[in-house]
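Chain IDs A, B and C follow the sequence of writing; residue 1 opens each chain.
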Amino acid sequence: MKLADLAQQRQDYSYAFLDAHAKRELRRRILKAIAIPGYQVPYASRELPIARGWGTGGLQVTLSLVGPESVVKVIDQGADDSVNAANLRRFITTMSGAKTTIDTLQATILQSRHRIPEEIMLEGQTLVLQVPDPEPLRGVTADMSKAHQLHADADYGQMWLLLYEQLVRYRQYIQGASYPSLVNGRYIISPSPIPRWDTPKLHQAAHLTLLSAGREKRLYAVPPYTNVYPLEFNDVPFQVEDQKGWVCKTTGVQNKFMNELPQEDGTSQYELSDSGYANKLADTAQSGATYYDDQGDFYHAGYLKPPVIPPI
Amino acid sequence: MLDTSSRPLSPRFEPPQLVTSPPIVRAIGLHKRYGRVQAVADVDVEAYPGEVLGIVGESGSGKSSVLRLLNLEEQADSGTYLLNTPVLEGQDLFALDRFRRREVQIMNIGVVYQNPHLGLRMRFTSSGNIAERLLLTGERTFATLREAARESLSISEFPLNRMDDPPRVLSGGMQQRVQLAKALALRPVLLLLDEPTTGLDVSVQALVLDTLKRLQRERHMTIILVSHDLGVIRTLADRVMVMRHGRVVEQGLTDQILEDPQDAYTQQLVHAKL
Amino acid sequence: MPLLEATLLTKRFYIDHLQREIEVFSNLSFSLESGQFVLVGGANGAGKSSLLRCLYRTYVPTSGRALFNSALGVIDLANAADVDIALLRRQEMGFVTQFLRPRPRVSALELVAEPLVDGGMAWEQALEQARQMLYSFGLKEALWSAYPTTFSGGEQQKVNLSRALIAPRRLLLLDEPTASLDAATRNSLQNRLSELKAQGVAMIGVFHHPEDIQHLIDSEIRLTASQEEVGYVAD
């Protein structure tokens, strides 16, 4: 008798790796998250063949939504070609037979770590953001059941207090990424560690955004055309990163989110963080509409206001 | 052993005739038990507008428990609690749900604790501690928060050049002033003071008491003051309730309690401390 | 009815740890009209001060009544609610002793003005009246804004009397206010008291040297020393 006779017959995994029950649970959770914008829905985060903390939250959402006809784009910090993004992309397509793209506008599902693309996403598209820490109140209380109660009561005074303290000490809001934002006038979310530059893109977006934390086992959503406002005092407006004058070294573009490349001589060069957008510009010099125009003006006029240094 | 059966009853006075306004605080039949300890047993608290009511007793007498009930920090096992404001008139505050109770607490009650760690965020700015009260009510204009913090801090005679220092670097007396400013920020109808000057230097204590006295006189505020220090009580309180083992053993005008105590326990307490 | 009418007023102290009662005075009846000045006389220990304290309710009368014809209605001082007594103390009844209770960081002027503010007057106006009062009692103007905690005994007395006699009262209880006063201050006090009497304030007082205010006295209540134990309650 050979060893192979004793072993079980080789079986394929379930479609899209997760079993049917897991996918059903996730879809129900996603529906609930969409029904209560910004509310963190707990779910039974499954084991995956990648480690927690490497995008398992986003991956489970993607796997529960993907189909053979899907077109998937995966980015990591804006780049399609990072190891992490490539791994996730290969795993998703192997398990589902979905096609892939690096064109933001061609994707039906766009899974991202820490960026929202520069081109305005369209109705029907789904943006899946990987979230390390879903709880915006973590800085306010270490007790998560207390945080739960604060959300329930919309008791966000302490979040505002953090901003007050920043203004008193630094005369500006200093939170760089995960800028706390109020969704649909009700729940404050951490929009995952996207830069402040990307936060306004969630406001009244045509696409669906799903945010999922695999390790923390919670997901939440910003449905299409939902109000999202970063926390800001009436007299001290929220500001995105100031990258005025930063020019992409390969495309010559300005007023998009840039990566800074320090040079040996102490100066810096800059390149577009959104590599798919950069490729598009390089190949065809044509792209879709962008959230910020060439002058850096945001597409919802009046949403972003000029900076104010508050007197203290 | 004291023979309590033969002692004269505490005098029972007539109900108020000249004071026609109803009490602003009316808590009736308060009971609170912690495990096997009956911390508060059948306590009534009434305070009239602009009055300072003192509650004295030794440690474990239940006086601080009463204050926590009045601050809506804890639920009474039984009893009713009315605050006679236009909005809350006739509403038993113990019957409110958690959300509404918190709202009522924020809008109507200020508190100063003996331990500033209970009342303050020690690592935030002092002004932020005050601003937080306004933030809880939905104030979202930074300049307004600054102005309110400035006003409250100067009312409690705190030096404004230190308004953005965190309480942890301040002296005990200054920390109590920050607590007081925070308590007053929303102009509460009721101010609760839990041993506000205990642990301070005698000279600092006198200054804080003086601020409280001045405030009370100028703002005509209703204050309920818990202290084991009869000197503090004498300085601030108009009337006093004496508590022991969770019960009120005697109440009266402050000078009457201190100089002609009727109850055996009060006599002991007064003679021990004076 | 008279301003004050005491009927069978009795005060006994019950000292619990001694398990015994001490009688101070018993079954006192007297009355007092507006503008009348009654001297409480009697030997030391006869309960003169205790009578004043019972009327002010620092002491709780054991039995009897003390009907007071307040501007708000007739009320029995022996049995009135604490808050009613507190109201009368703010508005109608004053108690004058020889001792000042100064507080740190409160100026002489503020200390004198406080009773007016407690009665509902605005600070500005109260301070103006306080200045006049301190002036009439002869406190050096340089001291008005100073803190009486540092004052001499004589200076404190001037502040004390100014504070005690500034607010309009229907009834003043005077507990040896002239004791150890210098001649000038005693003079100012006499003037102030006759002024108040002329305004219709009723006064009832204990004086070590009644000759100081002889011309003001309308009648006298004499207490006889009765400080004796009236029996053991238990034991």
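Just so we're on the same page, a residue touches a chain if its C-beta (ideal position, glycine included) is under 8 Å from a C-beta of that chain, and two chains touch if they have at least 3 such contacts.
From a predicted model like this one, the values you see are computed outputs, not experimental measurements.
**Student:** For chain B and chain C, which third chains touch each of them?
**Tutor:** Joint contacts: the list comes back empty.
**Student:** Write down the pair of chains with the top C-beta contact pair count.
**Tutor:** B-C
**Student:** Which chain has its C-alpha centre closest to the mean of all protein C-alpha atoms shown?
**Tutor:** Per-chain C-alpha centroids ranked by distance to the global centroid put B first.
**Student:** Centre to centre, by mean C-alpha position, how many angstrom separate chain B and chain C?
**Tutor:** So the centre of chain B lies 31 Å away from the centre of chain C.
**Student:** Using mean C-alpha positions as chain centres, tell me how far chain A is from chain C in Å, no decimals.
**Tutor:** Once rounded, the distance between the two centres reads 78 Å.
**Student:** Can you give the whole-Å distance between the Cα centres of chain A and chain B?
**Tutor:** 49
**Student:** For the complex, which residues does chain A have touching chain B?
**Tutor:** Residues 153, 155, 157-158, 160-161, 164-165, 167-169, 233-236, 310-312.
**Student:** How about chain B: which of its residues touch chain A in the complex?
**Tutor:** Touch list, chain B to chain A: 98-99, 102, 121, 124-125, 127-128, 131-132, 135-136, 140-143, 145-146, 164.
**Student:** In the complex of these two chains, what residues of chain C are touching chain B?
**Tutor:** Residues of chain C touching chain B: 13-17, 19, 53, 57-60, 70, 72-73, 75-76, 79-88, 103-106, 114, 117-118, 123, 233-235.
**Student:** Would you tell me which residues of chain B are touching chain C in their complex?
**Tutor:** Touch list, chain B to chain C: 2-3, 6-8, 11, 13-19, 48, 51, 203, 206-207, 209-210, 213-214, 217-218, 235, 238-239, 251-253, 255-256, 259-260, 262-264, 267-268.
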